[in-house]
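Naming follows writing order (A, B, C and D), and every chain is counted from residue 1.
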């Protein structure tokens, strides 16, 4: 039977790829839908409130309700809008965001990789830079001032932050010596060091640029509700609005997945080479058991019988699943996907966390951060990385490389800080204005 | 065969969208069609196993330069521009350019089919991917031109910054 | 709202327009418009001009407490003002510890500039500017300026009288704060300011007719035509 | 250098409001923009004009009191306090100390509630989402105290001309003490989120600069004036009720002679702390006694003259000019609305800033459109 499967895969590669694509698409849609719920819930808990509680137990079915509502809403096209552009803009956003997932490796086995392009990294950068068209064209086509301003802002913002993000990626490229995402993870596996430890500065730059490119707080200027009502999608409603919404959350998942692949070792367990931490291998079943326990605890306190039994069923399901996962063979098979997902979720949590914590940058300050800080830092990082690699020569010792990189990163940070200086360019203007 | 037909499709798309670029009155539509053109050309690169060129084409032209085009177009009032006739007093120049190109084309046709030969896609060696090949060519064979070009671009950039700075003070 | 008993002052104000019963000046009686508008020899002919008068019912009931009455206000500032602007300062009075005086319209700007200057007490702060409408007086509008001096921690109230259609010099050049306040007075009372940079309605729509805070404007009155034209409803009430 | 002609983008006129999430009501601002830079602005107000001053002339003195709550509807208690005091001054009436201290406690609670609302919405305007939920949580406590006292949370009509209608309920002191103890810690909590936050600093520092001389010229009052470095507070300069008997400081901004949005933020936070201080002292001095002064059931102030009475409302100097004609109805009531006057300085503060700063500046002035339009 196993041989049959192998035969099937070999005979119909396109069909298998299509099946994988469908699976990834469905799972991703689910993740995105529940990401919205998770964001609302996490934000709510950080803000001393409960979040959605109505649809299903703890609002668990809220995404379905939201989706249904948006589907059934009227699709309004403003008068004077450029109809064709207005209609295709959100589609561009979503397609660009989803397409990139084709090259993300979810695990080491070929079953978990849709395709391994040898220019995977370039493909990622290229396709994800297309998403901006959805935003610019959508804002322009609405024939309205706020959306136009929103799309202008996001055009400037995305172009500016793509540069540091790209340069941070180049640092990874130098360290890993490949453009293939699979090879990048494999390089981290073989060296036993995540790129995060070799490129801490690069990771920081990438993370900041990623937040900016997904238009998330504190860089959510293109849709800053207090300034531009809703920015580029002010005039959108119904399903097209939902598409934009989906695109935003998909890109969040995307940049998190990318950061995980590039810097956090993709599907690798943390410190995979340290035997003392092997107990971490049992985390998948243990976490499932914990989920089961928590759900069961809340199920007992739920007053609605239907919800109660649903939750009990969920708890039981998780427990059973934990049992299945605990089987040694399965546990090894599940490891990669578990760690990949866990890391992506950790980054996604950070996205939500920023939103609860930070005020929003102003447009010029955003440009300042991008051009005056991130780009010099990224450039310096690139040069320093190249120098260290040249100095270390082929196959350097792990610790040697780590400390050399750390020192180089620190040096770059200090030099850039000194050069750029702490003085904000507005200070002079203020002095002029106040005469002090 | 498949490659040939894909090439034909891409070529037709590239040419027709190129025509659309210059016939649209609305500059934003022109830019959209230009993006389609660039995509089709990128597709042709891909057909030639030049993945690196394809990626660079998309990243730089589609992802960067076209965005800036749009940025500028949106800053000026599109409605007024759309009312003006697109290439009003340049018929003579246009005609001349077309004539020159036509001559070139005729010469090519006259020279024979060989000049249209696409050439067999040059598969790079298995142990070396496209990107490395490009890098090797650029930084080993043409080091000096690359450096000169980059210096030139740097000068242009500094100049642009300087001009913009003057503008705001 | 409409069947609320009407304020006596207003109800009578309309009936009483022709009445001209003389009223001894300075009596603690109701609002004695004439007596305040004219004392101490203003430009208008002396005292007994159309001194309109009071409402019999209110006058019949004297206040329960001994009549509170403003006292004359004497201070170096008043003397200085009278010296500098002879004839322009009238009625320096003080009531409940709040001094106020009336300034002739023509010398309003120099008086204000003097008051704003250091030697005039540094009344740099125009807290408020508003108007009160006394339709039966010859000069129906009393424009009231609330000044404050940080230096003296002191408030001073200036009054300027203006008749229907008379222009009042704008204080916006002296205190920029007067800009909107004067626009509001214009909007609500129809007092026209001379030299105001941007005199147009502020709270009501630009095309509105009527000035609602005038006493002869009924509380239920509104610009029906505007409401129908712009809001598409029959009435705003 | 050769002459260069620049291709200028058209000047954009954008309409902010009256339906805009950051204009705090129905304010409409016409902004002239060069790119995103504001080159000029015009505030268009009046969308909430209800003719409160006209209504006053058609109501008795007592009947009008509930209307003033509808002006600054997030600080109804101070509105009512100002009006009652103005009429009391016109009458020459004395208020017993218990009523005075009660009024002060409630007014200071109201000041805290108003500042909390301001802080939350201001932070929300600048993109910080969380503080608003925290501040509303504490504001809720204050509103609950109001509700226990007079049955209403927002438009309280808490006071009557002459004193109080209701004596304090049992446990009032305890509740207020509990609140003031709890609240100081909460202010620290807000400060942890914002005060040293780098983005917050960049968004508020050097934004909406108002020089002290401009502030005085535009008759700006309240925290906006104090933020510009002018140490002036009606409660200190011309005390009313028993503010001369309690100790408190008047916080000012960090600079000599000018202030920015961050200064005003600091001033308001410091003011909340001072309010707690006042509340604590006032609660200590609450003695049993009468709660109503010698004011008759029918209010007929002496005819012919007017008084102006100003109090320090959360937004600034709230003044009432009450003109009497000797009847039971005021001849004219003029409200000197702090929001209206402060809003006038908006254009000055906004010029040359970016759209995003406009939001910050509207927020920092702390306007309530009910009071601007009346």
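Please note the rule applied: a contact is a pair of C-beta atoms (placed from the backbone, for glycine too) under 8 Å apart; a residue touches a chain by one contact, two chains touch by 3 or more.
Because the structure is a prediction, the values reported are computed rather than measured.
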Next item on the list: Would you kindly say which chain has the C-alpha centre located farthest from the C-alpha centre of subunit C?
Entry: B
Next item on the list: Any chance you could check whether C-D or A-B wins on number of contacting C-beta pairs?
Entry: C-D
Notebook entry, point to check: Whole-Å distance, subunit C centre to subunit D centre, using C-alpha means?
Noted result: 27
Item checked: Whole-Å gap separating subunit A and subunit B, where each centre is the average of the chain's CA atoms -> 31
Margin query: Can you work out the whole-Å distance between the CA centroids of subunit B and subunit D?
Written below: 61
Margin query: Based only on mean CA positions, could you tell me how far subunit A sits from subunit D in angstrom?
Written below: 43
Margin query: Multi-chain contacts only, two chains or more: what residues does subunit A have there?
Written below: none
Note to self: Please output the residues of subunit B touching subunit A within their complex, sorted ascending.
What the structure shows: 26, 28-29, 32, 35, 51-52, 54-56, 58-59, 62-64, 67-68, 70-71, 74-75, 129-131
Notebook entry, point to check: So in the complex, which bits of subunit A are touching subunit B?
Noted result: 82, 85, 117-119, 122-123, 125-127, 129-130, 132-133, 136-137, 140, 148, 151-152, 155-156, 158-159, 162, 166, 179
Item checked: Residues of subunit A that touch subunit D when the two form their complex -> 43, 46-49, 145-146, 149, 153, 217-218, 220-221, 224-229, 355-365, 424, 426-427, 429-430, 433-434, 436
Checklist line | Residue ranges of subunit C in contact with subunit D within the complex | finding: 4, 6-10, 28-32, 36, 55, 58, 61, 63-65, 67-70, 93, 95-96, 98, 124-128, 130, 132-133, 144, 146, 150, 153, 155, 157, 175-177, 179-181, 184, 188, 201-205, 212-213, 215, 217, 219
Checklist line | Complex interface listing, subunit D residues touching subunit C | finding: 45-46, 49, 51, 53-55, 57-59, 89-90, 92, 216-219, 221, 230, 232, 237-238, 296, 300-308, 310, 317, 319, 321, 323-329, 331-332, 334, 336, 340-341, 343-344, 373-374
